[in-house]
Each structure stands twice: as structure tokens, then as C-alpha cells.
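Two complexes, one shared chain (chain A), two partners (chain B, chain C).
Let's turn to the complex of A and B:
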């Protein structure tokens, strides 16, 4: 009899939390509450002086892998990354690099050692610092949640799509902030 | 026709007489108080003027000082921020940590923002063409340097340290030197302006001090001049009085000696039996009586003068003009009888009564009549005229004139004839006897009852002395019988 009551209680709780007016998309797993993944767009940003407007997925990957050194205007390409642990970084590793964290480290260790990659990506401690870095460095490229982007940097379209477009595929998988 | 209504001065140049009269009037009474009041007033005025000037100078100095401090502080901040903008940029070179490099870039940009604001503020406050020119030059040079700075920062952040240093050395350093020179020029210009303003204020302060000194010297001069004039006037008056007193003593001695000698001679004649008959004895007796009467008159004048030395006080009452004239003629009868003079009286009909003292007015008129006889030069016509000045005037005045056709008075004597003991040199030379007190006494008596005495005279034609007396107001009570009143206390 007690087990039946417990099941009713859990069912009622799940119903309450999943009701449409509620913004908290949660599921229960036993007694623990786990946040669901969101799909925010991840914007690719460059310095405002950079003439580039659009990049293909392939070009984007090449740039972030350190295989392209210069922009069309002659400035050196400077890749910026957030510190490990940021959902933005994890999304970049997953969708652009298609690597794990250790594979990423090995890639650049090997590239700089062999001389194939002249400069490793600049690792920055916060989205704000990353935005300022891109603002100050003419050849810098980085990524930010769309909500962290302001007028000091320029958003580049990927495969002709801007963040927010339905076809835009660069999304963040991680907890909502 | 010479006219004088009051005595003024001696026989000197007209300008001197006027000046002396002015100083005499100005410093005659309360002269010391007046003198110090004038000096005090001048000092106060001068003090207010100079104090105001000095306060203005002090305010200007305060403004310049505050402006200098503020201006120097702003220029100092400008210098510091330009260096901070460059220094922070170069600090970014010292690390490979992107986070630190961004921090340094932020610091540099914050400093350059302050510099840009400071330059804009300087330009809005610049007034002189040189200031505006320097401000614009600094703005241009700073803008040029910032472009290079941005390039250097970009290269540093991209990891191109060598290129960043190269760009800074080739373009950044010269441009920053120009910026530094611009700021230095602004500072020099500011110092020059502050020095100029300070020089202006210093000059104004010196002028104020000079004005103070000149003012004090002027006041000192004025004070000295006034003191000198005052002392000179006092000394002059004392000398005049001393001279008049000596003249009076000499004159009175003569006036006393002559009748006394005649009396003694006549007495000796009677006592020694030199008179042959009763008629001769009677003649000697008459001589004695006449001389004694003359002596008595002389003594009366001296006593009257002595009694009026302090202003006499009278009880004023309404008096009929006819009573006054009758009393004066009666008292002058002896002098008139001896000289075979006749007085013509002319009294305007309907004259109001005057307000005064019968005895004082009568005595004054008596003196005037005796004088008319004395200085008649053989012309026995004397007129006594009483009239009202303006029948329609609200405050009426009765004028009683004693008119003679004698020798007249010179213009140089006119201002002095009312001075006690004064006797004209021509009169003395003509051996006309007198004490110099008759007119003085007459004037004193008339003024004591609120009237005044004036004279119009022409040499060789005659003189007219007029007594001006206030008429009784219309709404006065019924006339009361008038009677003589002597000077108070006499």
C-alpha cells in the first residue's frame, strides 16, 4: 500500500514539473533532479576589421585546427579558446574539432612540436576576456554564446547561416546559464 | 553806492579778503572738530576705496591660484594618462598569458579615453589662438599615436612580439614624443598665462598701495593746510584785537583827557575868580556840564559794549514804531540841538507794530543819529524813515532808516565799520572824535532782538543805515502799552 502511494506521489511531481507553463524542463531519476540539455546557438566571432563574412564548416574546422595561418587581409590567424569546462568549449570540441579534450591537447602538442602549427590557440578564462581579445587582435577568431556577443566584435555566418537560423548547426550542449 | 549788510574783512586784495573770509567762517567755530571730521572723512573714504581694491586683488589672486592648481593638476593627469596608455601597451609584451594581455589592453584603453576627454575639455576651455592651436595639435597627434598603439596591441595579442616592438619603435615612439612635446608646450603656455595674470594682479596691488600712499599724503597735506589756515586766522584775529584794543586805549585816553582838561580849566577859572560876572560864571558852568555829559556818554558806550560782550537777552514785546522814533529823537536831542540839526520824520501810514525791545532799538537809533550828526560834514539834513518792506509778504519786516547827506563811507571801510573799536583812518585824520563802539553796539543790540542792521553809503553823497525789525503778526493779541526794557542784567 505504501509503495503504491509513493508511485502516485512521484507521478504527480513529474506531472507538475513537466506542465507547459513551467520553464524548468526537468526529469526525475529516482530522488535526484538533473537539468536537461539546451540548444543555444554558438556564434563564431572575428575582429571588426576582418573582412570575412562567411565561413564554410570545413574552413572553420581548418582554421580552428591551426591549418590556416593568415586571413585574406594578411593578418595572422589567432584562434582563441575558453578554458576547459566551459560548455562552449565542449561544443566546439564536439562539433568543430570532433575531438575529445585529450585528443585536442595531443593535436596541438604534436603540431607545435613538428612545426605544422606555428601558434597554439590562446586560452582565455572567460567569455568576456575572449570577446575583448578578439576586439583587440585584428586576426583573432573565437566563439561565444549568442547572448555574450556585443557590437565590439563581428559574427561570421557558417555555411551561410547565422546563429538563430533553423539551419544553423553550431549549438551548445550543456546546462543553461 | 556801497552796500554792506555785515562786516567781513580788512583792506586787502579782493581775492585775499574772500579767501580769508571763507577760512574765517569755516574755522571760526568748532574749527578743530570740523578739521578732524574732514580728515576722518577723507581717511574713511580712502580706506574704503583702497580696501575694496585690495579685496579685489586678493580675490583675483585666489582665483589665479585655484586656477593654477586645477590647471596644473589637469595637465599632470594628462601627462600621466598618456604615459599610462603607452606603458600598459608595453606591459602586454611582458607576458604570453592572453588574459593578462587583455587586462593590459583594457588599462591602456581606459587611459587613452581619459586623455581624449582631457584634450576635449582643454579645447572647450581654450580662449587664446595659441591654446586652441596647441589643443588641436595634441588631439591630432594623440589620435595618430592611438592608431599605432592599436596596431601594436593587436600584434602583441596575436603573438607577434617582434613585429609589435618594431612597429612601436618605428612609428609609436616618434608619435608619442610629439604628444609629450604637445603636453609640455601646453604646460609652458599655461605657466606663461599664470605668470602674466599674476603680474597684472601684482601691478594692481602696487597701484593700490601707491594710491594709499598718495591718499595719505594728500590727507596729511590737507590737514596741514587747514591747520595752518586755522592758526593763521586765529593769530590774525588776535593781532587785530590787540591792535584795536591799543587803538581804543589811545583813543579813549584822548577822549577822556580832553573833556577832563576842559572841565579842570573851567573849574579853575570859577575857583580862581577869573569870571568877571555871573554871565561868565554861567558860561564856565555850561562848559563843565557839557563836557561832563560828553564824558557820561563816553562811559555809557563803554559800559554798553561791556554789557553786550556776552549776548544780551531781551523780553520781546510789540512796540509802536512811532514810540521808537520819538524815544530815539528825544534821547538825541542834545546832540541835535548843539549842531542845529533837524530831523525829518517819514512814517508810512498803517505800519504794524514791531516785535522787539523799545530801549534797545531806541539806543541803536540814537547811536545812528549821533553818527549822522558827527559825520554830516556840515550838511544838517537827517531823515528818519519808517516803512514796511513788502505789504503782501507773509512775514513782514519794518525798516527804520537813518539817512544823512554827510561824507559817506569808503568801500574799504564798509566791511569793518561794525567791528568794535574800528575807526576809519580818514576819520581819525580828520580829528573826528569817537570810540569806534557806536555802530558795533547798535548792531549788537539790534541782532540781540532778532533784527539786523544794514548800510548803504557813497562817499560825498551820504549814508543810510537801516534797522530791519520783524513786524508783529496780524493775529497777535490786542496792542499793549510799550515800555522800555534795558539789556538783561543791566
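Let's turn to the complex of A and C:
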């Protein structure tokens, strides 16, 4: 009898440790509620020589909107984006820009026309290329899946949180890779 | 062990080739050893079956070598097709991307985004235009098709800090003809986020609308600009352009997001019939000055609250000099799908030697929201100029008086670069110098495009 209780106890313990399964865990990302298992953190990366360690959500948005021209160290801000179609880009548009693709294009067209934005973001064809670009360009900033990040670039915390923290809100929509 | 057998450079061979080599060469080694053994045995025995076996092994070696060669060539061809260059199988791969081996497309983009080498700069050009069909009950006018402004926006990032921007606009000229105007020629120097210097001709930083939409109908939701912000050569009452220098940038202010624009330049001409924008000479030495301060608070993306003040002296050889002060305040919420613009303006004309001040007040409010491709909008505008106003009609031949009324319409976007707008305007008029009617109804259809 005691052995049966022990088995039940172990099973119950395992159940509570594993439950709820990850794909039912919910976090808020911006205004959206998204399941974790189909999402992974999207890391904001800069060149390793950039002294910036943390950005607020508002600063991050301003930078990616093209409203920041230079970093504190004097280097020109170069925003990098992946080609349309990448889940990483779609997440950036949704959570940081809060725009659709066409609104994004209009924003930079209007910004460069009015003079508010000196240069539009660079669009690169793959995460690997983006990582290499950020590695080489001192003022570059971009984004990658956490799994695509290596030591050649520097991950910046957002509102004090790094990718993987529970409070980190910048997630990629779509399946893990 | 096998790597040593292959070659000293085997660790630097690309993965597919390495796989082939690793599979084939040990086999070759075993076969060679078997062959050597077979030869020894042949010398000793020289029996029929062993000779056949040896022959078969030799043929197999030859076949494998041929296949290996073909596979190598095929891998090389595939890599050549993928990267546009033949792979260098002897080059070493590095853990860190010391040199950016971007794809040719990326390199082209990079080259396109940056200036391109010695003695070359990169011009980028975009265009905006419109074409409309309109009719009204105003006496003396007819229903007609009209070509709008065709704006060629040309810019060049000369270097990391210098940029040249121009707006070359083809628009309605004298009579029924086209005219071309260099509406913006600006040489910019960006020092940092807090300071940008610019020299040349630009839209005057009075209020919001003048800088936000400039000469492009594409970015405007309705057909046409508010009456207050019409350009000088289209019956406007403000100095829409200025030739001079400006400084602009952010003001360190944290979450308030304060910005400034300060300008100094030639004021507008005071001679009746003259070009209002004084491009080359100024009728007086007192320069126009303008300051626009606005806030874009972090807490409310898209919100912009601002104030601007402009002062100039309007003079002509045959009349008294008139001081002009334009005070403007605005609250704007401009988001991707929602737009709410509100501006109020006070224009003060003060003839020197007179104690009387002529105040012209006006405002407009405009609201729109996008639903899919449709964007319905509403605008109400008002302007009231005093009788005997000394500048608008006497100098610029613009009848102001009292004008007010709503505009309603809808904009429909066809894809990314073409939009059609349908708009109804009602203008209530009083104290007009030219028009005797008390109200005008107008309907207009406009095709607007970016190219």
C-alpha cells in the first residue's frame, strides 16, 4: 500500500513539475497574448564596440523608427532589417514598429522625404548576413533569434531584461528553429 | 587517422566534398591493400580466380575515382551557382566573420545605401504626383480635369554627415501652362541627434502641416491642403518657404521628447506681383526669424504638441513697412491608421507708424481613420481676416475675408503607391473681394501616386 502511495506521489510530483506544458504557458508581448512554446526570444544585437548595455522599449522604438541618428559614442546608427517574410521581421514590425509592411514602407518614405529620417534601414537577406553586418559595422543594430546569436555581436537588454527572462517581451512568432 | 591519409588540407575542404573523400578514400586504401596482397599472391600463385578478382578491384578503383572526380566538379559547380564565385577549397573558414562574405545582393544593397567611392555620390529619387477631376458651383468656373503637382524628390547622402535634398516640382503656372519650381534645395549637416544645420531653401517651419506634408499630395489624406497652409503661389496667406539657414534637433528632455527648429532667412516680398519667396535678394536687411518647439512624448507614440513663432518685416519701395508675426500652436496625433490634426494660427500685421494691428485668426481640425484600404476623413477649417488687411489682397491678391466650412471624403489605397480620393467641400464665405457668392459647393476626385 505504501509502495502504491509512493508511486502516486512520484507521479503527482512529476505531473506538477511538467504541467502546464510549455505550449500552454502564456505571456504578454505588447498587447498580444502568445503561447511560449511556439515562440522564442528575439535578441536585439549591436556591435561589440557599442557601449550601450540596455535600451528602454521607447528608445528601442525610436532607434528602429529612424529617429536616432548617432550613438553616444559618436557612431552613426545603422538599423538593419531582415528581408520581408522572415518571422523575426514580422515580430519587429508587430511589437516594435506596430506597423504593417506597407505602413513601415510609408513611414520611411515619408521620413526621408520630410528630412526626419536621414537613412532608411539596411535590409539583409539572412540572419547570418545580418549578424556579420552588425559584427563589422560599429553603429549597427539589428535583431536575431537567440539561437542565431554568437559571440561576435553583443546582446542588449530591453527594459533591463535579457532574452530568456520571463519578463522579456520581444518574442518571435512562429515555430522554433 | 583517415584525415591524415587524405591530405594535409583535408580539414579545410568543404563539407560535401569532405564527406565524399572520407567515404571513398578509406575504401580505396583497403582496396589498394587488397590489391597489393593480391599482387603478392599473384606472384606466388598466379591462379585464375585471383587474377579476375584483382582485375575487378582495379576496375572498381577506377570507377570510384571517376565518380569522385565528378562529384567534386558537381559540388564546385553548385557552390559557384550559389555564390557567384568559384569556391576556394583551400581557404580556411574562421569562427568569427572577420570579413563580411555577404551575398552579392547584400553587397549591392550596401553599396546602394552608402556613397560609392571616390568622386561619386549616390542620388536617390522618388516622385509624387496627382491628377484630379473637379467641379463646383462657383460662378465663372467649369468642371475640369487638372494636373496636380509632380514632385521629384531627389536626395544624396554626400557623406556620413552631409546630405543634399531637393524638391523639383512641376505645377500650375501662368495661364494654363506648367511651371517648374525648385521648392526645396537644402544642404544639410548632421552633427548629432541634437544639431542639424541646413542651408538653402526650405518650407518654413510654421506649425505642423507645412513640414509634415511639403509638396506631396501622396502623404496627405484629403485632397488639397488646408486654406491656412496653401503655398504662396496657390493663394496661400503664410510665408510657406524661406531661403536661409536653420538649426534643428532634439532638446535633452527625457520622456518629454522636445525638439526645436530655428530658422533665419529672407522674409517674403512686399512688392505687389513679385515672387513672394525671395530666392536671390531680399528687399530689406532685416531677416525673418522663426522658432518651432514641439514635444513628442514617449508615453504617447504619434502625439506631437508644438508651438511656433515667426517674425519678419515686409517692405516694398512704395509703401510702408509692415511687421509680420505668425503665432501657431498645434496638437497632432499621427499614427499608422489614425490621424487627428489640429492647428490654430494668428497672423499679425503691424504697419510701421500706425498703432493699428491687423489680426487674422484661423484654425483647422482634421480626423481620419483607416479601415483596410479605406480611409474616411473629415476636415473643418476657419479663417477670418479683418477688413482693410494690408497684405493679403493688396500685395498678394488673395481674398481672405471670412471662410469656413467642412470637407468630407474617403481615400482608397490601391496597393502601395496609388490612391484615389473623393471629397466634398462646403465653403461659407463672407467679405470676399473677388467672389460674390456666400457659399461654394465642390466635389473632387483625385488620383494620387508615388513613383
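Going forward, the second predicted complex is superposed on the first by the 140 of 177 C-alpha atoms of A that agree within 3 Å, B and C clash if a C-alpha of one lies under 4 Å from a C-alpha of the other, contacts with A are read in each partner's own complex, and residues count from 1 in each chain.
Assume a residue touches a chain if its C-beta (ideal position, glycine included) is under 8 Å from a C-beta of that chain, and two chains touch if they have at least 3 such contacts.
Bear in mind the structure is a predicted one, so any value in this text is a computation, not a measurement.
Asker: Touching A:123, do we find chain B (first), chain C (second), both, or neither?
Answerer: The answer is both, since A:123 touches chain B and chain C.
Asker: Does the superposition put A:91 against chain B (first), chain C (second), both, or neither?
Answerer: neither
Asker: For A:105, using the defined touch cut-off, is the partner it touches chain B, chain C, both, or neither? Pick first, second, both or neither.
Answerer: The answer is second: A:105 touches chain C but not chain B.
Asker: A:40 in the overlay: touching chain B, chain C, both, or neither? Say first, second, both or neither.
Answerer: Once the two structures are laid over each other on A, A:40 reaches no partner at all.
Asker: Looking at A:136 after the superposition, I want to know if it touches chain B, chain C, both of them or none. Which is it: first, second, both, neither?
Answerer: both
Asker: Counting only touches as set out at the top, which of chain B and chain C does A:152 meet: first, second, both, neither?
Answerer: second
Asker: One more residue to check, A:76. First (chain B), second (chain C), both or neither?
Answerer: In the superposition, A:76 contacts both chain B and chain C.
Asker: Just chain B (first), just chain C (second), both, or neither: which does A:50 touch?
Answerer: The answer is neither, since A:50 touches no partner chain.
Asker: Contacts for A:61 in the overlay, against chain B (first) and chain C (second): which applies, first, second, both or neither?
Answerer: In the superposition, A:61 touches chain C alone.
Asker: On chain A, which partner touches more residues: chain B or chain C?
Answerer: Looking at chain A, the partner in contact with more of its residues is C.
Asker: Touching chain B and also chain C: which chain A residues?
Answerer: Touching chain B in the first complex and chain C in the second, residues 76, 119, 122-125, 129, 132-133, 136 of chain A appear in both lists.
Asker: Under the stated contact criterion, what part of chain B meets chain A in this complex?
Answerer: 98-99, 101-102, 105-106, 150, 153-154, 157-160
Asker: List the residues on chain C that touch chain A in their complex, please.
Answerer: Answer in residue numbers: 96-97, 99-103, 105-106, 109-110, 113, 126, 153, 155, 157, 160, 163, 165, 186, 188, 190, 192-193, 211-212, 214, 216, 219, 255, 298, 301, 336-337, 416, 450.
Asker: Write out the stretch or stretches of chain A touching chain C in their complex.
Answerer: 56, 58, 61, 68-70, 74, 76, 98-100, 102-103, 105-107, 109-110, 112-115, 118-120, 122-126, 129, 131-133, 135-136, 151-152
Asker: Taking the touch rule as given, give the residues of chain A at its contact with chain B in the complex, in rising order.
Answerer: Residue list for chain A touching chain B: 47, 75-76, 78, 80, 119, 122-125, 129, 132-133, 136-140.
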